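Structures are listed in the sections that come next.
Here come two complexes built around chain A, the first alongside chain B, the second alongside chain C.
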Partner chain A sequence: MVTPPPRIARASGRRPWVLGLLLALLGVGVFFSPILGTVAVSPETVLKILLHQASGGTLFSDPCAGGSVPASGCAGLIEIVWDARLSEIMLAVVVGAGLGISGGTLQGVFRNPLADPFLLGISSGGTLGAAVVVVFRIGVSEQNLVLPLFAFVGAIGTGVVILIAARSRFGSVETLLLTGVALSSFLSAVLALLLLYSPTGSLQVDFWLLGNLGSLDWTQDGIAFGVVLVAGTLLATYGRELNLLQLGPDVAQSLGVDSRKVRVRLLLLASVTTAAAVAFTGIIGFVGLVSPHVVRRIAGSDYRIVLPGAALVGGGFLLAARDLSLIAFPGTLLPIGIFTSFAGAPFFAYLLFRRRGASTMGVP
Partner chain B sequence: MHLHDPSSTSKPLRQTLPLTLLAVGLIVAAGISVVGVSTYYAVRPGSPSGPLTITDDLGRHVTVPLDPARVVVLGPSIMDSMDRLGLRSHVVGVDCYASTLGGLSADYSPNQIALWNLSSSMCVQTGPTFNVEQLLALGPQLVLAATIVSVAAVEQITQTYQIPVVMLQPATLTGVILDDQLLGEIFGASAASTSLVDTLELTLSQAASFQDNLTANGTPFPTVLVTYYADGSGYWTFGPGTFGQSLVELASGASISANATLSYPELSGEQVLAVDPQYLVYGTGFGLNESTYTGGPFWSQLSATQDGRAIGMDSNYFTEPDPTMILVGLPQLIGILHPGPSA
Partner chain C sequence: MTGSAEPALLLRGVTVRFGERTALQDVDLEVPRGQFVALTGPNGSGKTTLLRAALGFLTPQAGSVQLFGNEVGRLSIAERARRVAWVPQEESPRENAPLLDYVLYGRYAHLGWLQGETARDREAAVRALRSVGLEERAGDGVLSVSGGEKQRAILARALAQEAPLVLLDEPTSHLDIAHQLDFLSRVRGLSRERGVTIVAALHDLNLAAQFSDRIVVLSRGRRVADGAPADVLSEELLARVWGVVADLRRDPRTGVPYLLPHQLVRPASSPPGTFLEKGPVHVVGGGGSGAPYLRALSEAGYRVTVGALHLLDSDLETAESLGALTAVEVPFAPIGDEVRERLRTLLEAATAIVVAPFPVGPSNLPNLEEVRRLLGRVPIFLIRRAPGTEWDFAGGKARAIEGELRDGGAREVVGVAEMLAALAATPVASTPQ
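Now for the complex of A and B:
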């Protein structure tokens, strides 16, 4: 058995109980979040509606009794709480988890604290996919399905280009990063050209770019959940390999990790996870960047903890962003991407400067 | 166990995990999707009479109730048509920003709010994000929407909540007239629709006759720049294919941006100075006024500004494809470009 250098061992101390704590906090958030929305519904009515729906209608036969109802009546309230809010909350958790674990993975793969799911141009690819649908009016009658599909294809297509670069003999970490940055710029230029000749399309793409949780559709939630669960859980099983990659590819290789092969697999899984997330919600910044750092601060830098932890923090972060935006701006639905950046940037700065000079990556 | 202990390998787990997870993921995803199928949807109040299938401006085939009593209108141009057709009483909700972001006044002018008797209780937030909760609370039987709303979001409403959404986004002035006919059909208001369409067509034909007379007399069309914003580098204007450009053509003006490559180009200061248009028409309303434009390049050197031919017009007349654009905006622009009794 090889003994790790003392500094690394200290920096990467495991605190598995943190995962339980994060899960509990997320559960509390999910339970209370339906109380918040843009239409005023009393917490008591919300709770009754949730229990009524969850019990198949056996509990609280008239869940709106005693409370005020809008013009659409109690049935309208049920739609608002059960379909609109709950599916929105579900999507927030799933997308946040996907972005969080992807961010943690990419930071580990690139050994770069600034890496996040959008660094490799995946978001630009998704945006271009969405823009193609809007500008060329593809599937106008099914745009709720066609647009996420094209966004997914655009994002995953960009990921595939990166993967091809990763598999080549020039696939060093630096080359991959620069390829991603170049690809991102190129795709952004294509997008700008496309939209220059379609101002109406520009407005529609803006809706997507701003990022939102407003799809309010259980089917989309189900698809996003399925993809993120499978790809995300697979990512979480690579914690040990990511730990060893932090020691450098040569050391990892000597300890039995085929660094190039592992890198390709992780990039593929992170691309799929990110693509699934952005396809349904548009661009939501900062979640993938901040979440892994939060986990490292409280639980150390062991990727066996960081990856699932980043998923839980990411889900909680996006949910909290949704809730806080509704508290700060009552009755107003803000594009969630704007609010995550507003909230995320100062919080991230606080994390970085709280322990001045300390690395959040857990390596010297 | 040390973090890099090779003996801690989890390969066997990873070999079986993908299939297991795939199965679990698909089962859970299917379960979540089924929740949507079993969901209870609201019965919209006031059962409408027989369905009618129409094709909207995006080419979507939509089945709508005939003469729906509760309608949400997302777009001031559609609201203008509804009012002119005498259908204001059917409108229970309109587009707006959330109250913390400007409310109704961000989408509607004070005149429109007063004229159409709009109130904040009718708000369905469409900017910067579309608010489905507020829409559902109003319990509409039909939504009429311009593309100020995401088309993907619209499809979501139609399919998830079974509220029909008709997209009204005419591409030409003829399209405006066709949309008014369509609204008349949906609401069984054929008499009002015919009357409005006749008035619109009469106004357009009068403008065409005026133009024919100018051409027959060999009178050149005055050069004009219609601008909706100015910054330090130039003037933003309307290019080919836009309503702003169509209006100038109908008003017998020679737009200096008629041959622009883009739909909404910015003409540089030197381009404008080189042509030195006889008229400069700038958009007003929603915070825009003459001072918005005086900072534009060469503003004070232009003949139009020196000779009092820089004139403001409500921006809506150039951007909102509605009956008011034709009935009010067009005659006003003709009056500006062709002052005198002949206009």
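Now for the complex of A and C:
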């Protein structure tokens, strides 16, 4: 057997090196983003603090030297940069990555380019969970963790209903989509009813619905990071199966993929990932929808690339949204969901209209 | 994996039901290794269901399906994929994967968890592409190649799968004739050169006869014929299973039988076991006398044939609007031999004949003469003429023939409703000649 000529090897429409590029860009973004914030700190001081903290205090023994130091002293600045800004930034990256990889997965499972993590009613479930906490004033003292917990449970609960539908004999892709839409409407109705009886709660719930990165700490980061990392890594191992599922469940099965089992697993993992992401930040639109499409355009449509790529792009997207929001409106951090939708919607329209025949997922 | 004595595919008493509908009824089938079997039968006869049962996509209500000696339901999905590959009728990929990647999908069942494709997998894929003549197109996207190339790529994927049994479901139905021949030649080549066992559902009987070692005919979920093409294909089989009148010829060079189908003997959509499915009703008329009967028959679900009529006759217009087969002569001319031959074919294919109250002259008298030939073989219904109208312009010959018809058992009926009632009450003789 003759070894295939390299021409064939190269022609395979997959550009894995793009992943390295995306990772590098994201790293640079994470490093420089703490410069931006609601309080003015000089870039030089910010970078010194970062290196000081990252090196365990060995570099720049006095990172604040040479800059203006507030009343709280250098420790106060370190707290602002390292604890507030960096944890906020890491959360943006983790949540964006979770939404991105979930979006890519769901688009693959449903063979539908418009699928996104909120399609299945997972967001409505999360919102309802959050609203229950707000309206019934559950665990007011520990709200930083209780609210996300309820949101997570609400989102996962919705996902489980979808999964039960997926496992049934009638679990066609269409059934699942419609189940999601129906659930979404139903949960929204329950939410509306709930807020009717607690007008004071509605403002807080509205804020949650818009998505935000504020009032965070490393504990929240750690939980979100842990869940998204584990579920996301597992998702990323299913790239090959998703490639085959694009040929239809029967063809995939004839090639050796247990289509139904794989689909259930993917839905479960995507639900967990989405739930973990939205639990801490609320609803952040368009990241899950747009990120996989961006990857397809720049790195090809192989799901082995699309899934990790969508995580990197999603993380970068949310980080960029945070930074741009701070540049456009210095001094305040807008609810991030407003910003992603503002930026994401036109960008998505642009992607769709620029799409050519050779592009992906059969969108006309 | 198993002893070589085990057949590639073995079905024993397989019954598959979808709700009320029985798709396969007690089907036995044994496909020895290396054989090219063409699976054929009318739409809805159970071909696809049989293939899906063999692939383990569905579980029969009764019976057993074995792949190389093992019950398909007991094999893991990956193990099934290593034993049997599938070429579907049509596949609509959603991603524009390069053909090489597309063919590499066939290697999935040979790869471990998270294991990347090795050089051996790539070799298998390239070899498969080469054997379908697509090596040069390896880098082209699957959405950008032609239909014939896509189908060949799917075949290459099945080859890369290296399964000893390949099932194909109407693989050529979207291809033009040249690509059909090309595709099936390649499939036969595989079976000959590599000993791959092939079971292909094929609509085209001539292609089936030309390429396969064996033809299995399904009808309404049952296996009704099975054997070498030359033994299986017959005019009788076509009439019985497909309801089509055809001439059977033989290719003088190869001896392969081929069929020239030329007309339907019954509507393709009629429910089984009814009068309707047994054949069309032929109406003899003219000058507008046949129109109400044609319309009524057509509305009642009968297929109708008409003739012989002269061009410009208003009955002809009605017949054509109903899509009926007709025998037509030029205006005012006597019915010639050619048209008479055509009329005879139509009459012989009919399961009943209706004689409308048409005026008869020398030029259309042959209509009655031809009807008379079938007296006693096919039920004939004479529509009663209005009393007092003159209709025999053939010097009494027409009256004489109608008398013969009545005496010979033709039944006289009054009007449309009585005709339909009489038809529906008529027991049906065996398959028409």
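We adopt the following convention: the second predicted complex is superposed on the first by the 341 of 364 C-alpha atoms of A that agree within 3 Å, B and C clash if a C-alpha of one lies under 4 Å from a C-alpha of the other, contacts with A are read in each partner's own complex, and residues count from 1 in each chain.
Quick note on the criterion: contacts are C-beta pairs under 8 Å (C-beta built on N, C-alpha and C of every residue); 3 or more make two chains touch, one makes a residue touch a chain.
What you see is a predicted model; the values in this text were computed from it and never measured.
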item	value
Partner chain(s) touched by A:A182 [first = chain B, second = chain C, both, neither]	neither
Partner chain in contact with A:D302 - chain B first, chain C second, else both or neither	both
First, second, both or neither for A:V227, with chain B first and chain C second	first
Partner chain(s) touched by A:L247 [first = chain B, second = chain C, both, neither]	both
Which superposed partner A:L255 touches (first chain B, second chain C, both, neither)	both
Touching partner for A:G37 - first (chain B), second (chain C), both, neither	first
Residue contacts on chain A - larger count, chain B or chain C	B
Which superposed partner A:T237 touches (first chain B, second chain C, both, neither)	both
First (chain B), second (chain C), both or neither touched by A:A75	first
Which superposed partner A:P330 touches (first chain B, second chain C, both, neither)	first
Chain A positions touched by chain B in one structure and by chain C in the second	1, 3-4, 8-9, 12, 14, 237, 240, 243-244, 247, 255-256, 302
In the complex, chain A residues that touch chain C	1, 3-4, 7-14, 111, 237, 240, 243-244, 246-248, 250-251, 253-258, 301-302, 357-362
Contact footprint of chain B on chain A as seen in their complex	1-4, 8-9, 12, 14, 37-39, 53, 57, 70-73, 75-80, 82-85, 87, 90, 134, 137, 140-145, 147-148, 196-197, 199-200, 203-204, 207-208, 210, 212, 214-219, 221-223, 225-227, 229-230, 233-234, 237, 240, 243-244, 247, 255-256, 302, 329-335, 338
Touch list for chain B against partner chain A, complex	2-10, 13-14, 17-18, 21-22, 24-26, 28-33, 35-36, 39-45, 58-61, 70, 92, 98-101, 125, 128-134, 136-139, 147-148, 150-156, 159-161, 169, 262-264
Footprint of chain A on chain C - complex, ascending	55, 57, 77-78, 80-82, 84-86, 88, 91-98, 100-101, 105-106, 108-109, 111, 113-114, 119, 122-123, 126-127, 138-139, 141, 143-144, 157, 161
